[in-house]
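Here it is, the structure, as structure tokens.
Each chain gets a letter, A, B and C, in the order it is written, and its residues are counted from 1.
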Amino acid sequence: MEFRGSHILSVDQFDRGDVERVFEVARKMLPFTQRKRVTRILEGAVLGNIFFEPSTRTRISFGSAFNLLGGNVRDTTSEESLSLAKGENLHDTASVLSGYCDVLVMRHSEAGAVAEFSSQSRVPVINGGDGANEHPSQALLDLFTLDQEMRDKSKRVDGMRIAIVGDLRFGRAVRSLCGLLSVFDSLDVRLASPAQLTLPETLKEKLISQGHTVHEFDSLEPALASCDVVYMTRIQTERFATAKEADLYRGRLRLNRKIYEAWCDPETIIMHPLPRDSRRKARELDEDLNPNPNLAIFRQTDNGLAVRMALFALVLDVADKFEENAKAVPWYRA
Amino acid sequence: MEFRGSHILSVDQFDRGDVERVFEVARKMLPFTQRKRVTRILEGAVLGNIFFEPSTRTRISFGSAFNLLGGNVRDTTSEESLSLAKGENLHDTASVLSGYCDVLVMRHSEAGAVAEFSSQSRVPVINGGDGANEHPSQALLDLFTLDQEMRDKSKRVDGMRIAIVGDLRFGRAVRSLCGLLSVFDSLDVRLASPAQLTLPETLKEKLISQGHTVHEFDSLEPALASCDVVYMTRIQTERFATAKEADLYRGRLRLNRKIYEAWCDPETIIMHPLPRDSRRKARELDEDLNPNPNLAIFRQTDNGLAVRMALFALVLDVADKFEENAKAVPWYRA
Amino acid sequence: MEFRGSHILSVDQFDRGDVERVFEVARKMLPFTQRKRVTRILEGAVLGNIFFEPSTRTRISFGSAFNLLGGNVRDTTSEESLSLAKGENLHDTASVLSGYCDVLVMRHSEAGAVAEFSSQSRVPVINGGDGANEHPSQALLDLFTLDQEMRDKSKRVDGMRIAIVGDLRFGRAVRSLCGLLSVFDSLDVRLASPAQLTLPETLKEKLISQGHTVHEFDSLEPALASCDVVYMTRIQTERFATAKEADLYRGRLRLNRKIYEAWCDPETIIMHPLPRDSRRKARELDEDLNPNPNLAIFRQTDNGLAVRMALFALVLDVADKFEENAKAVPWYRA
């Protein structure tokens, strides 16, 4: 894949070499996300951070990543998508906004909308999540974290056993993750979900056709044995017809300290795309695991900055320049 | 007009020389809006981008323009105008915000509100649209585009024939455009609108008193003959008492490829202040004209950046300094 | 108090020396807030400006202050606090956002929420107002202004007589102000409020135990005699069960020119945390006092920039560095 000038719309664009390239650049970003060094390579560039579906977390992550490269950010949050309310189509919106910005991030509630938007954009568009479809930067940060965590334990992603648990039907983070797992070798994938929320067949078949092993479970415990990592997800209430329907599934598959200690290896890495649902009825990933050093959920969000910086640097072709003229940070950092 | 330190509230402030001065500075901004060069002249300056009526497009255009001059932007969108809800008057708001910023852009739903606000501001205020009243930066970017397009065809704005079509009663873009057209010479202005949505008499009289010719039509086709430019507008649904009333007029005057080819000159420039209404019932400017090289609508929005940069540079008195120390852009640009 | 790396949650953290230190740094910020000089000390730093309860004024003040130090700002306004709606608790939100930013400002509608949030933040958190509880930066800017105003009149804060008027029960600005007044010496504090809206007993007792004199009044005029300063506040409608209940108190204690001239000294300083309620039923501080040179309300908001810059500089440990490499402002300033 030629990153320079490209849209980043789907994990299907990435082969193994592309993923390694993103990880390589993301690792170089770590001194910057950890505020040891400052770069100004994108000074004067403008990111249009267009969130037609709200997301504080992802919007701020992309925005901060761009700021850390020296660029400016113009934000839009959902409440305000009024030109569309005045009857403007996405193509016109793209033609206009791509004149104002050097790169665009878009989140939209409809699957495929970001790709449609990108077709008329004159600058690179990064998919920040489109409905139940894709969330490629989330999958990249998940796998970058996995890669880092496995290295720390002197292990490799290739050949690992991973349990993926929860709402595998509507979670776009899961869909993108499963798509991207395909590029690795010989994975043992254990899918645990309520029977009504299993992973779509096409994704399962893709994993199998790439030589991975896939097992499905409708409860949590049997999926956990000898896993290198367990990836928990929340029930996507907002994708169900009614909150009541979602309630049928919330709280069914739960990981907590007791279950972890009974069923997982002591080194099993715990991940979650966040937000986790900590209300009593849900609690798919219990806070009693917070002290566990294998809980990687906040290392995931930290790594999100590095991965998003890497994507910006790659599509804007500054991945080999941003370290020049970098300076030490003069302010306090814990 | 002395630009330095001035508020930009109405097109009535501009004489021919002022318009030429804005165009001259805007032309110098083009290498910056096209991302060939970067300037940091306003590094450390803060724009308060105060939108009490939401507008993604205009808000981002002003914000990006300020970023391209090196400045920072603090945004407010309508949903949040709560100090006013707590009973604060616009004068207090202006006194406070003008202490936080170096320049302010304000959009407001009420005609005259921006002028009232500016009376207590200690820094320059630019009107980003006040109700059905004025939208001076839109008129300036429309005429800057017209000037550029006519030059490309070795023609001049003076003496041109222009058709202005649609909702001429409620559209503030149209009102500001007609006001600004007055400063040019010997125009042949053809106004086409439903009989209930004609241009206000005062604007018509102003054009005539300045020596221009004005003809009115209640359908589109007869207005188009031998025009250098046709300027389409959308029915301003949000200014009618009910959406139903607006529906009476939507879809009445429509430009599409068939009508263009039958009635326009092959060089007729097509403009629209955007957003255009692409829903089936409206379609005042059909997408089948998108491939037409005379369709200038996205050159208008691109030029909006340059014109808004010029306005900031003029009121903050850096129009003769921003090219000093400008640097080449180090990142990818298509 | 060690400022470096600290959260700023409550005025109770500040002793007299801390307050003097903030004022000392804030005074050094004045050439920057007045746009005589530009510093870039925080270039590359990111402020997360997290407003779960909306406030245009305070949000922009913090954001501009950070921009004036050279940093970037990522904003969140209330409408979008959706990860919390998805069941995320404040601790997770803090863990995530503190990875994206170098410092966080948070406003929240619930008392204590900011402190709870800060307990999981890995970067300094500044309380931008939590329910009816605290608003420490407001108290600091109020007292910095008082200090500046008293110096201008060759007087001192210690030993002054101050009337505090209005809704003393629900106003967090008042609560924080009274808390911070305690660190000064021998104040004569005159509290005027409707009987149902008196200052909480604990705050009164704290003032008395620190050696200050406290008198309470249920009308305005008798509280004003020989005051050095009168601090007016608005009825906090949003903290009452119903707007109707708030209406019982609005308009009861009003300062206007006639009352000022009859009851105040000609040098009495007039303050208000703003917004003031200028609707006919309220008008606790009448606009007919706008020409009075002792009306300090817009000097308060101007000073807010300097005080917030000082807080950022202190917690990020650049208070002794930001003047290095500062440059003259190249753009127009009135």
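One rule holds for everything that comes next: a contact is a pair of C-beta atoms (placed from the backbone, for glycine too) under 8 Å apart; a residue touches a chain by one contact, two chains touch by 3 or more.
Note that the structure is a prediction, hence the values are computed from the model and not measured.
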Once chain A is fitted to chain B on CA atoms, what angle does the rotation have, in steps of 5 degrees? 120
So chain B and chain C: same face meeting same face, with over half the numbers shared, or different? different
Approximate Å spacing (C-alpha centroids) for the pair chain B, chain C: 39
Touching two or more other chains, which residues of chain C qualify? 72, 75, 77, 79
What residues on chain A touch chain B, complex-wise? 4-5, 41-46, 48, 72, 74-77, 79-83, 86-89, 91-93, 95-97, 99-102, 122-123, 315-318, 321
With touch defined as at the start, can you tell me which chain B residues reach chain A in the complex? 33, 35, 38-40, 54-57, 60-61, 63-64, 67-68, 70, 72-73, 75, 77-79, 234, 237-238, 274-279, 282, 287, 298, 301-302, 305, 329-334
